[in-house]
Amino acid sequence: MKFIIAIIKPFKLDEVREALGAIGVAGMTVSEVKGFGRQKGQTEIYRGAEYSTNMLPKVKLEIAASDDIAAQVVETIQQTANTEAIGDGKIFVLDLASATRIRTGESGETAL
Amino acid sequence: MKFIIAIIKPFKLDEVREALGAIGVAGMTVSEVKGFGRQKGQTEIYRGAEYSTNMLPKVKLEIAASDDIAAQVVETIQQTANTEAIGDGKIFVLDLASATRIRTGESGETAL
Amino acid sequence: MKFIIAIIKPFKLDEVREALGAIGVAGMTVSEVKGFGRQKGQTEIYRGAEYSTNMLPKVKLEIAASDDIAAQVVETIQQTANTEAIGDGKIFVLDLASATRIRTGESGETAL
Amino acid sequence: MKRSILTLAALAAGAGLFAQPALAAVPDAEVVSGGTAYILNTLLFMMGGFLVMWMAAGFAMLEAGLVRAKNTSTQCIKNIGLYSIAGLMFWVIGYNIAYPGEFNGFIGGFSGIYPMQGVGEADTETGYSVASDWFFQMVFCATTASIVSGTVAERVKIVPFFIFVTVLTGIIYPVVVSWEWGAGYLDSEWAFSDFAGSTLVHSTGGWAALMGALIIGARLGRYGPDGKVNVFPGTNIPLATLGTFILWLGWFGFNGASQLAMGTVGDVSDVSKIFVNTNMAAAGGVVTAIILTQLRYKKADVTMALNGALAGLVSITAEPLAPTVGQSILIGAIGGAIVVFTVPLLDKLKIDDVVGAIPVHLFAGIWGTLIVAWTAAPDAGVTFIGQLVGVVMTAVWVCAASAVVWLALKYTIGVRPSEEDEVGGLDHAEIGVEAYPEFARTT
Amino acid sequence: MKRSILTLAALAAGAGLFAQPALAAVPDAEVVSGGTAYILNTLLFMMGGFLVMWMAAGFAMLEAGLVRAKNTSTQCIKNIGLYSIAGLMFWVIGYNIAYPGEFNGFIGGFSGIYPMQGVGEADTETGYSVASDWFFQMVFCATTASIVSGTVAERVKIVPFFIFVTVLTGIIYPVVVSWEWGAGYLDSEWAFSDFAGSTLVHSTGGWAALMGALIIGARLGRYGPDGKVNVFPGTNIPLATLGTFILWLGWFGFNGASQLAMGTVGDVSDVSKIFVNTNMAAAGGVVTAIILTQLRYKKADVTMALNGALAGLVSITAEPLAPTVGQSILIGAIGGAIVVFTVPLLDKLKIDDVVGAIPVHLFAGIWGTLIVAWTAAPDAGVTFIGQLVGVVMTAVWVCAASAVVWLALKYTIGVRPSEEDEVGGLDHAEIGVEAYPEFARTT
Amino acid sequence: MKRSILTLAALAAGAGLFAQPALAAVPDAEVVSGGTAYILNTLLFMMGGFLVMWMAAGFAMLEAGLVRAKNTSTQCIKNIGLYSIAGLMFWVIGYNIAYPGEFNGFIGGFSGIYPMQGVGEADTETGYSVASDWFFQMVFCATTASIVSGTVAERVKIVPFFIFVTVLTGIIYPVVVSWEWGAGYLDSEWAFSDFAGSTLVHSTGGWAALMGALIIGARLGRYGPDGKVNVFPGTNIPLATLGTFILWLGWFGFNGASQLAMGTVGDVSDVSKIFVNTNMAAAGGVVTAIILTQLRYKKADVTMALNGALAGLVSITAEPLAPTVGQSILIGAIGGAIVVFTVPLLDKLKIDDVVGAIPVHLFAGIWGTLIVAWTAAPDAGVTFIGQLVGVVMTAVWVCAASAVVWLALKYTIGVRPSEEDEVGGLDHAEIGVEAYPEFARTT
């Protein structure tokens, strides 16, 4: 199993979730994060003083997926979240040693 | 060492933390996330328009644990966070390559 | 590649980010978390009732790094975030199976 | 009914008595000297004026609470800006258009800047200080503009918005006022009756807002394909609640001081009756909105309750004095019901009204204006047709004029921000100051 | 002291002068004509009325700030709803019960709907417009209900809450009022004195709240086993601060206009003295609460400072005119101290009062009422026993009646939401609108 | 100009008429009886008083909105505490120093506690209730203190802050007032003119704030090495907007009631003229600030628009009656411009003013005071030099006295929290109550 972490632009969330639903991903966990990368924040003025917000709002998805579909998940995210603009984000894949469903206690791929 | 990620219902947090404390888990990191899964959000009405909040508030725990107690940590969470209702959450276990305590620089299991 | 997760004190964020920039880390993802550990929260009084805030605000950094610089990243964080006070935080390193840049679809170390 | 140029009959009753004590026509308990009446009339305008000025804050809070966080700073600056512009424009040109004196009944009074009184001067012939009257009239003008800002929130750049407000408060609104309170066509030909402005103020704002909503279009992503309505919940409900309470409070000034006089026992009694009716209409609107949403959706939608209060207030505004308490409650209750049913209706029509200003100010305003035909004193000569003519004339003029301005802006400097700016929020694009920079936001 | 039916003595002094200038008893500097006095009295009621109406917003903000985010929309709708219901019920039945005219001294006045005055009518015999009086009395009724909503927040469904408010404002409160301001038993038999309502309004609300807290029980998880108190911090302190300032402002109307007249130089002077005393009692409450929490806990608890202000205000409300400034400060300061000591006490007793309304309105209300025995003018005939009788009678009636209503609700439609709904927040379960949907919340 | 001891000339005109109807000098339309004038004057003070009291809430909200979340509860308690302390101190000692009667022109009036009037007493010789006057003067004193709290926010412990306020409101401010409104040196020797307190209130607060900012130093990390300014954005912009609207509303009382009388037709007319001018100056300030920031930074900074409104208000405060409307707009507009240019200037000088109180209250206050030399009535004898002397004397005294107090505090109990406490936020360290405990905060 794989543990996939994707950092995407916030406004792409709904689209990505629907695309993933279409390929059979039944669950995911989402959180709000701030990203720091090549994309530079805007320079803002507050009361006459300039400042740059170099941390940009991003959304992080965490998806546990079976080895079978992991590649497809990555591809789907990469294509759906892509705007061809800098700052579109990253997808990281880690190995997942085990998964457990709290409600039933079952583990392994059936827990996903 | 293992890196355990658990997604649970928010109101179970205190209970789980106490149960983990009882089996010797000294630390953990908690964050607020939104979950998407089998459990469906409520259908709400706002100004006459229906909408469903399919992202439900969940809490994510991250716990680095030695291999010895990792299984026990998973079991404890599974049992304490269980309400037997859909949406109780998941526990994911990843391999942890190394851990370092910032204050002392020490690493390995003593850093946990 | 490594996936480095660091929990640090919030006010150290800027310093750490600058130090990492200096050693060539081009990106990272930051989120706000609550930490539970050896450091105990303050005991507060609210309307005559005592309560302890045992969850302390921390910042979590997630950094995907090539194997080459991973050790240096850990060391830099450990040194910069260190205040020699309890609660300075932890650095966890996990193996990263793959990384993809959404914008270009390229993967591997060039995606970081 | 004319407004602003107070007839001095009542006043004379009190003051005259002093001059000719021999007459003894006024019972002791009703004696008020001329100077005292002047002071009390002026005081009514000043109190009414500051209460209505306070409504500007009410609109600001209501709207700031109902937009999304990323557009909140923009909504704040729009509201303080529009109130300021309204004041300036009403002085430069608006007041003279609204109260032109002798004119053709349709438009007049382009005599320019309004001359305020000098120090120590008192216009005892009008029976009140002209500056107090001007102040009171000016805050009504600002209210009209506030209505628009709520409907078109989250998708209009500030510069075109402020330009629209400039025209609205300098010309569009004053022309409507001149027809009725300025003793023009509607007043003289139709005995049209609009005590405190259900049509003149609220519908005018509502029509201007409607044209804005139509010409500017809905917020990005608001209406999906197959009739799907995407909900963008308001970001701060207590703020919206506060705004509503502020408006409710301000409305005592809005309606009460529209009696235009409290220098006689009769006038002050009427003002207090207006207070009661105004309050009860709002209460009727709230209770109706709560009951209807509870029955219809099994939940009591707080934003509808707030809109219900305002709809009740708008409904009673055209005639807050004549109705009995029971009638007032009913009028307000129907206003509340109108809101509950028309808010979703607008969504069906894909008319995107962020705060519900069109149901509240336009629909309830029309309702309140028409019902005057039944509640007005029989001898007032108010007819349903007369009321309808007033509603329609206002609609035609305000829609036409507003459309011209919105379209002109659209095809010159542009009204909407770029898609990216709209998605990122106007606060980033236009103001540079986030409303709540420290609070993490959910996706 | 009777209220509402103003004695005309003072008025006559001024007006009479005019009628019989020959008397020349009133010095020039005190001459006020009858009509002028009527207007000024009416104006006092209207100003007092809108200031007290504004307190409804104050309670809404205070409570919205002190509940948890998940119950904030509910608290908003409860507050705007209760204010509306209070107005309707006080008209349908409440006012006539409160001011029954001739009656048995305990309960009367079931003559139904209150007839408001007609257009242009002025009741010059009473010396003020009856509509203004009704309005002023009505907002007091609403205040009583506001007090309850704070205490029982976060765990009462809206329908039973609104039903309770209906009975409270229609019957329970008006009966108490009839005993004293309606010239009933307490007024005639005991010379009980409660100038602006420390007992009639504040304690009545407080007792009703206390019964609610007892019968409904504490919020889930509020009190752990071994006496552990779990703290649920208020979600928005600036909002609670705003609410307190609004209440403070409104209190000038609450106490000041309870003078019931400003048509004579003496009356208006007394109103201004009341302003001063009211303000200073609040100041005393704030400073005391800050000092005591700073000394006791090494931190100055802002919520206690806010409660301190309100306790000071409640304490002075029973007699804001007679005390010297120094006495007023002291009375308010003791009110502030009462809050600091009794808030934790209620927690020990597992009585869960979300906003501290019981310490503020009930305990400080009793304190304020009893101390009148010392501060009242010697010739007023106020006795400690008389004051105590008033306090006890109010307690017995309000507790009994409230308990009946709360229990009836509990065993019929139910008062509390399900555990799941309470944990998830009433905003989800009952309103469907989150108060702050965009802000990520900490666990 | 003297203040507080109203000259009775105007009053007598009306009242006298009654006494000697034979004179018949006053036209009917201006007749006001003595008692009526007394009541109306008193009423003006009471209304002005509660409007200015409400400004305390405005400052609280403005400041709570512009500090960071971690210091918001502290800012709330500071504001409610300072208002309370101001009331107490102005009674114990302040009023008598401010209005010492016969004195050396520089300092006097140490006769202790102010005796308020008794029940039913009316000081008909002064022409208004002394309690109403005291109340009105007291809220001005509180305003001065509010100004300071904004500048030195986020880095002053509450105990030293409250001690500073005690001295400021008990001594420093009253001394300044005595020179002018108390008929001292500035009034008698220089014909210095400051109608409602651009210098006496606003600059006094501003100088005290400036000394605080200098002596206490900037917030940790605010100014980086090489002139880098680190921005700490305000946490809640709608709250700051609300605060500004509250202040704007309150200012009608601040300036309007500073006419000190509305018992004649002339006076009430002047009050209404003041309303207009006050409003228009604020509007000028807002529009200017929006235009300038838009031109200069391509974005319209909402916090500057808010500051612009306040700067406009402060600018017109020294003379809100004499200018024409056009002049008022201009005076306010220049006030707004001052803010836009001096806010960044202070940052260059590393003077850390959290809410912009120094530009708004001090710089615009000086501007407003000096311009009176041109706008005042020619026969008023106001000179530029006289105005300058007033500004400079106030500067010297307030700076010196404030510096002594701040320094004494700094070297005894300490003014600043520890670095750790400042970084963690004063709410944790000093209050123990987070302002927004449930909202996750971004880093």
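Letters A, B, C, D, E and F mark the chains in the order given here, with residues in each chain numbered from 1 onward.
One rule holds in what follows: a residue touches a chain if its C-beta (ideal position, glycine included) is under 8 Å from a C-beta of that chain, and two chains touch if they have at least 3 such contacts.
Treat the numbers as computed from the prediction; the structure is a model and nothing was measured.
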Counting one step for each move to a touching chain, how far apart are subunit D and subunit E?
-> 1
Which chains contact both subunit B and subunit F?
-> A, C, D, E
Give the pair among C-F, B-D or A-F whose set of contact pairs overlaps with that of B-E by over half, matching residues by number.
-> C-F
Any idea how many Å lie between the Cα centroids of subunit A and subunit B?
-> 18
Mean-CA-position distance for subunit F and subunit D (Å) = 32
So, what's the distance in Å between the C-alpha centres of subunit E and subunit C?
-> 53
Which subunit F residues reach two or more other chains?
-> 33, 36, 43, 47, 233, 236, 242, 297, 299, 301, 303, 432-433, 436, 439-443
Residues of subunit C that touch at least two other chains are 30-32, 34, 44-46, 55, 94-95
Pairs of chains that touch, anyone?
-> A-B, A-C, A-D, A-F, B-C, B-D, B-E, C-E, C-F, D-E, D-F, E-F
Over in the complex, which subunit A residues touch subunit D? Could you list them?
-> 10-11, 13, 30, 32, 42, 44-46, 57, 59
Using the touch definition up top, name the residues of subunit B that touch subunit D in the complex.
-> 34, 44-51, 55
Any idea which subunit E residues touch subunit F in the complex?
-> 14, 26-33, 36, 40, 43, 47, 51, 68-69, 233-238, 241-242, 244-246, 248-249, 252, 256, 262-266, 268-273, 275-276, 279-280, 282-284, 286-287, 290, 294, 297, 299-303, 305-306, 309, 321-322, 324-326, 329, 377, 436, 439-442
Name, in rising order, each residue of subunit B that touches subunit C in their complex.
-> 3, 17, 26-31, 62, 64, 94-103, 105, 111-112
Residues of subunit D touching subunit F in their complex?
-> 15-16, 18-19, 33-36, 38-39, 42-43, 45-47, 49-50, 53-54, 56-57, 60-61, 64-65, 72-74, 76-77, 79-81, 83-85, 87-88, 91, 113-114, 116-117, 119-125, 127, 129, 131-132, 134-135, 138, 158-159, 162, 236, 239, 242, 430-440
